[in-house]
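First subunit A sits with subunit B, and in the next complex the same chain sits with subunit C.
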Partner chain A sequence: MSSEDVSRIVEEHAGKPGGLIGILQEIQARYGYLPPDALGAVAEGIGRSLTDVYGVATFFRSFSLKPRGKHLCSVCLGTACHVRGGAVIAEEFGRALNVAPGETTGDRDFTLETVNCLGACALGPIVVVDGHYFSNVSPVRVKEILEKARNGLDNVEVTTDQRIFPVEVSCPRCNHSLMDPARLVDGQPSISVTVVFAGEHFRLHLSCLYGSYNVESEREIPRDALADFFCPHCHAHLTGGSNCLECGAPMVPMIVRGGGIVQICSRRGCRGHLLDLSGGMQ
Partner chain B sequence: MITLTMNGLPVTVEEGSTLLEAARFFGFPIPTLCHLEGLTPYGACRLCLVEVGRGDKAKLVTACTYPAADGLVVRTGSSRVIRARKMILELLLASCPQSKVIQDLAAAYEVRQQRFRQEYEDCILCGLCVRMCEEQMRAKAIGFRGRGERRSVGTPFDAPSPACRLCGGCMYVCPACQLRCTYHEPEKAICGSCANLSPPCLEKREFDDLMCFMAPCVACEIRKG
Partner chain C sequence: MERLESSEQFKALQKRIIADRDPQIPMVVIPAGTCGQASGANDLIRIAKREILAHELVTKIQLRVTGCHGFCQAEPSVLIEPEGTFYPRLGIKQMTQIVEAVSEGRVVEQLLWRDPKTHKRVQREADIPFFRNQRRTILARNEKVDPIRIYDYIEHGGYAALVKVLEQGNRRWVVEETKASGLRGRGGAGFPTGLKWELLAKARDGGGKFLVSNADEGDPGAYMDRSVLEGNPQSIIEGMLIGAYGTGATAGIIYVRTEYPLAIKHLVIALQQARALGLLGENILGTGFSFDIQIVKGAGAFVCGEETALIRSVEGERGEPRQRPPYPVEQGIYGKPTAINNVETWANIPVIISQGAAEFARIGSPHNTGTKIFSLVGKVKNTGLVEVPMGATIGEIVHGVGGGPAGRAEIKAVQTGGPSGGCLPAAMFDLPIDYESLSAAGSIMGSGGMIVMDENTCMVDVAKYFMKFLKDESCGKCFTCRKGTQRMWEILDDITAGKGTLEQLDLLEELAQVVKDTSMCGLGQTAANPILSTLRYFRDEYVTHIERKFCPATVCRDLFAYRVIAEKCTGCTLCIRVCPTGAITGTKKEVHNLDQSKCIKCRACFEVCNFDAIAGDAIIAVPPGRTSMERNP
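Showing the complex of A and B:
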């Protein structure tokens, strides 16, 4: 950890409301955990006591004070997943990795944790590994999931993989569905949006499979370029959610049918995405 | 000035008073545990419950945090209040039976037994020490950590805090710290403070088997220092 890094993060958040959590999130995103020295530096930087900062850091489950493994494996023990056998899955993971929930394997490969409801109860038991959702997990699949994670989930073949589930999204402003059944990507109706790039308007079709990054575009967008996203129905400007945790570009929020919000990074080729199904569940 | 009815009596109190202050001023007793004059009200122990409102609409509120308002109808000792208080005392006894403060409160309400699983908590999370340290000592050496079942009081990383003034204020206000008087037999629910004029933790060399809520313990630090 370098203290310049921390002071830069603190500076960037200066004056923003709710700064402390944002600062801690950014540090956690950078190091994978909150190093003790960083907490001290944050306390100093924002002029609050270390006691306050430590209190916030230990309050939220998403913050970790211990270094985490390369892969984060979260087993849902929420009510729905629990009755479908989440506890057995957690045990199986514990056995396979030889750690207890909350611990990290000796080789720093995996961190196992249990969480309370990931907002996808109907598909339970849910396991999330490195941001990839696995649904209807049974104990026999545990080994296979870990194997896939070791090989890098992003490289696993999209179509043959059952980890991915389709999401149906709509425009956050007019709530019109963005799904286009006439245009299939990954064999599923695509998410269709208008993009503006280099002064030109055209359609972009995204895969609706969560975890797949396949895109079909009417024009070529070079890698790493930023595109502007619009709703094809109400023409609302969609770009402008949070900033991408991977690359810092603005994200594009969309409403998930059934509740929740999914955000994707507006940078071509960036795999940054956030899925928050919890907020909207009724 | 605000006029409200307290136990059927019209009373007038200053604006900004809490129900607890009003009741104390007019001599209606309300037991408190997490309240201390000079510290901000916190509403953690729920012992100071009173009933406000009429008929079906009447509800239980904590007097130490509830602001007095014009026309409020307050009962500080209705049977519903007493029943709720006894229940809270039972729950407090269930979590920290060694505390002299809790024992005394329970005795005053003739609660002699509790019906729950017996525990021997070192801390009931009343927040007195945290507020004492922050508001009176201006040190902020200790605070709440974690949440839910894992909520606890202490210093960041459980390390000796450079901010701590070793004033002992936190131990002075702690209702659970009285548990030192049970010596190292926590299951002895009866307090032995009269027999132990000096805290055993200062006499014994090994403190390990003594129940003490703070790590590092301020008493130990003073002794070492």
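Showing the complex of A and C:
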């Protein structure tokens, strides 16, 4: 972690409520834990002692001073989960991963933690792995959940998954179709748009499958970078949508054939999207 | 979204939104709060969209994705408006059928909710006992709004209360009306909200005053605040705006726990939209009234639900409580006057202003007005969020709304109030739920968690669970709380391991009293409640653990071993399939065999057996002179 990063984060939080806690949360969000150097740099940046910073970092449960695994597995031990056997589930995960709660596996694949209550009490015992909730978990399902996580819970088989379906779109200004039957992505006609990034114009082909995030681009766009999208026909800037629900970046609106609007996030790597079939106000 | 400059513009917008919607076009409502998403609501949304597009139904069917409706047990579910048809527990395939049926104006009879008692299908949500036996003022609005669309909120009367307040222009009236409503803090302590506001309004005004929405819902087993934040974040914002107008507060903070990512996401969007419309920020609706709200994320410390600890945490410090007085209304965040109210309290404010204090106060009982949301969870048939008038009895909730026990075991207790609350036995289910009655019975209202326990729940283990929670969460500032909770936990651990003595029960009671008397904040002062209430109502369970070295509920693992009761086992193989260690073997229709050396006592077989053929026996030999189990090895 560079000290510039820390000073930028410290500066952004100056005068905001939450202060130090907000700073530590942002560092942890980025690195998955609080690296020792970062704590030192924060102390220097906000003009407080390292003891103070360390004190706050160790007071709250959500901070970790140790690097965490690729997958985070949280077992809920709220009262409702407890009376339905949450503790046994936590043990079973511990056995399957060969770690105690709070620890990370040797290969840095999994971190196991227990949490006080995730607020999904009606469905206990609850386990959250990489942001995916598993309800009414029984001991015998533990291995299956871990296996799913290893294979990536966000991965979907675009050709067979019923939840994936093609969406045909057109430009919100000239209404010209943006579909490109000559260039296939995911075996379907792609959505073809012009992108301007770092002063260069080039084509971007997006999968038309709702639920697939596959993209083919003529030039590399670095992760987290924002690009501007244009209609290849009328050259209108595809803008004026809402801000991304995930990351806050501007979204790119397109008209859906059949009715409604689809918006996709303009940030490379962000999966934020919104398919709005109402077509009404807003 | 265009900024609104006056209340006239707001009313015109509301009119346009209402005119824009055709209520006759069927609306498919899919609840997708955290519980809904955990059950598969996102898949239903996908499929609904796929079907609507594939069959060109965009003008014939509307779709609304909402927060939680409360009937978590039935998730993922779908509600069809305007008829109110309710479909529980749907899969991808059934969703396809439903979209087709809705487009043809049909009802899919075989997918409707079925009453487990009468076995009859019930079509309308309002006719299902779970919903029929509630009075859903706050929760019902979750059905009407997509939380990421402020226009939905406005369409259904949102921000009308704020406009009413701004048009009236009488700050004192807001405080008086809130006082007259009798609303008491929904976070647990039950302090009159109007009184708190009056104190804040009168507090010296040098450099600003804070309003805080306490969304650090730390009580395990309670999640009504999450549901309101996720499902209707604008109602919290509107409530805070009204509060700010009445008290002269200058800045608002929503302190939300980091374990609620969806709530945080919806709040961020809601604040953005409210600002964009000119309902939040500078010069609201052109009236000169300014107020803005920021989100502060908690970092996972239960004690931060305590208001002075919350204040420390907002200031970026360790969340340690401090002595009161001075109370936060005198010296709060950065030393400035601060009023902290719970999420559900805020959600009630627009209701009070819209319908009037008198109307609000008609609901409930004289000193406990309005409705209260409870999270009805644990060993009950219908788990979910339940909203009833204050003063309803525990039995009305557990049996009337909850539908009674989840399995064959009888319900024996309800735990209310989280780690600061207590366990009330089934014999007391006639008790009206209000702040005073619960407190007199040795529990507290708390934020509204209601965890149902049946014969298979061990009350000693429950007490130990809460004590472990509290010893881990004690901030450590007061010695008696830090060490007292630790020692109480150790004693309970001894008892559940078969090493307890009857003398320790007296020691527990003594310790409990000391921790209560000498701790500074609510965490320590109420830490003993789970022990004291279980000792009061379930002392025999403690005695059985100590004298017979046996846990009748088969929870405390050192005190029993499972075996298969040959006379009852039908050889259905169900237990074999759920056993994670392969301890149970056997073939179909023959008595199964349980290998105790492989058994980890995870209860999976015990829970799943339909014939009560798995039983627990005591395993520790009891010294002569004491009663013992016949089956001791």
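One rule holds for everything that comes next: the second predicted complex is superposed on the first by the 155 of 282 C-alpha atoms of A that agree within 3 Å, B and C clash if a C-alpha of one lies under 4 Å from a C-alpha of the other, contacts with A are read in each partner's own complex, and residues count from 1 in each chain.
In this text, contacts are C-beta pairs under 8 Å (C-beta built on N, C-alpha and C of every residue); 3 or more make two chains touch, one makes a residue touch a chain.
What you see is a predicted model; the values in this text were computed from it and never measured.
Put subunit B and subunit C next to each other and count what each touches on subunit A; the higher total goes to C. When the shared chain is aligned, subunit C comes close enough to touch A:Gly78, but subunit B does not.
In the overlay built on the shared chain, the residue A:Leu39 is in contact with subunit B alone; subunit C does not reach it.
When the two complexes are overlaid on their common chain A, residue A:Gly119 makes contact with subunit C while staying clear of subunit B. When both complexes are overlaid on chain A, the residue A:Leu226 reaches neither subunit B nor subunit C. Looking at the shared chain after the overlay, A:Gly55 reaches both subunit B and subunit C.
Comparing the two complexes, residues 55, 59 of subunit A contact subunit B in one case and subunit C in the other. Residues of subunit B touching subunit A in their complex: 140-147, 155-157, 161, 163. Residue ranges of subunit A in contact with subunit C, taken from their complex: 16-22, 24-25, 55-56, 59-63, 77-85, 88, 91-92, 115-124, 126, 131, 133-135, 138-140, 142, 162-163, 165, 167, 210-211, 243, 245-246, 256, 258-260, 275, 277-282. Residues 1, 16-17, 20-21, 34-35, 37-39, 43, 46-47, 49-50, 52-54, 56, 58-59, 62-63, 72-73, 75, 92, 148-151, 217-223, 226, 253, 258-261, 265, 269, 272, 294, 296-302, 313-319, 333, 375-379, 383-385, 415, 418, 449, 451, 453, 457, 462, 465-466, 469, 473, 475, 577-580, 600, 602-604, 607 of subunit C are the ones touching subunit A in the complex. Partner subunit B is touched in their complex by these residues of subunit A: 36, 39, 49-55, 58-59.
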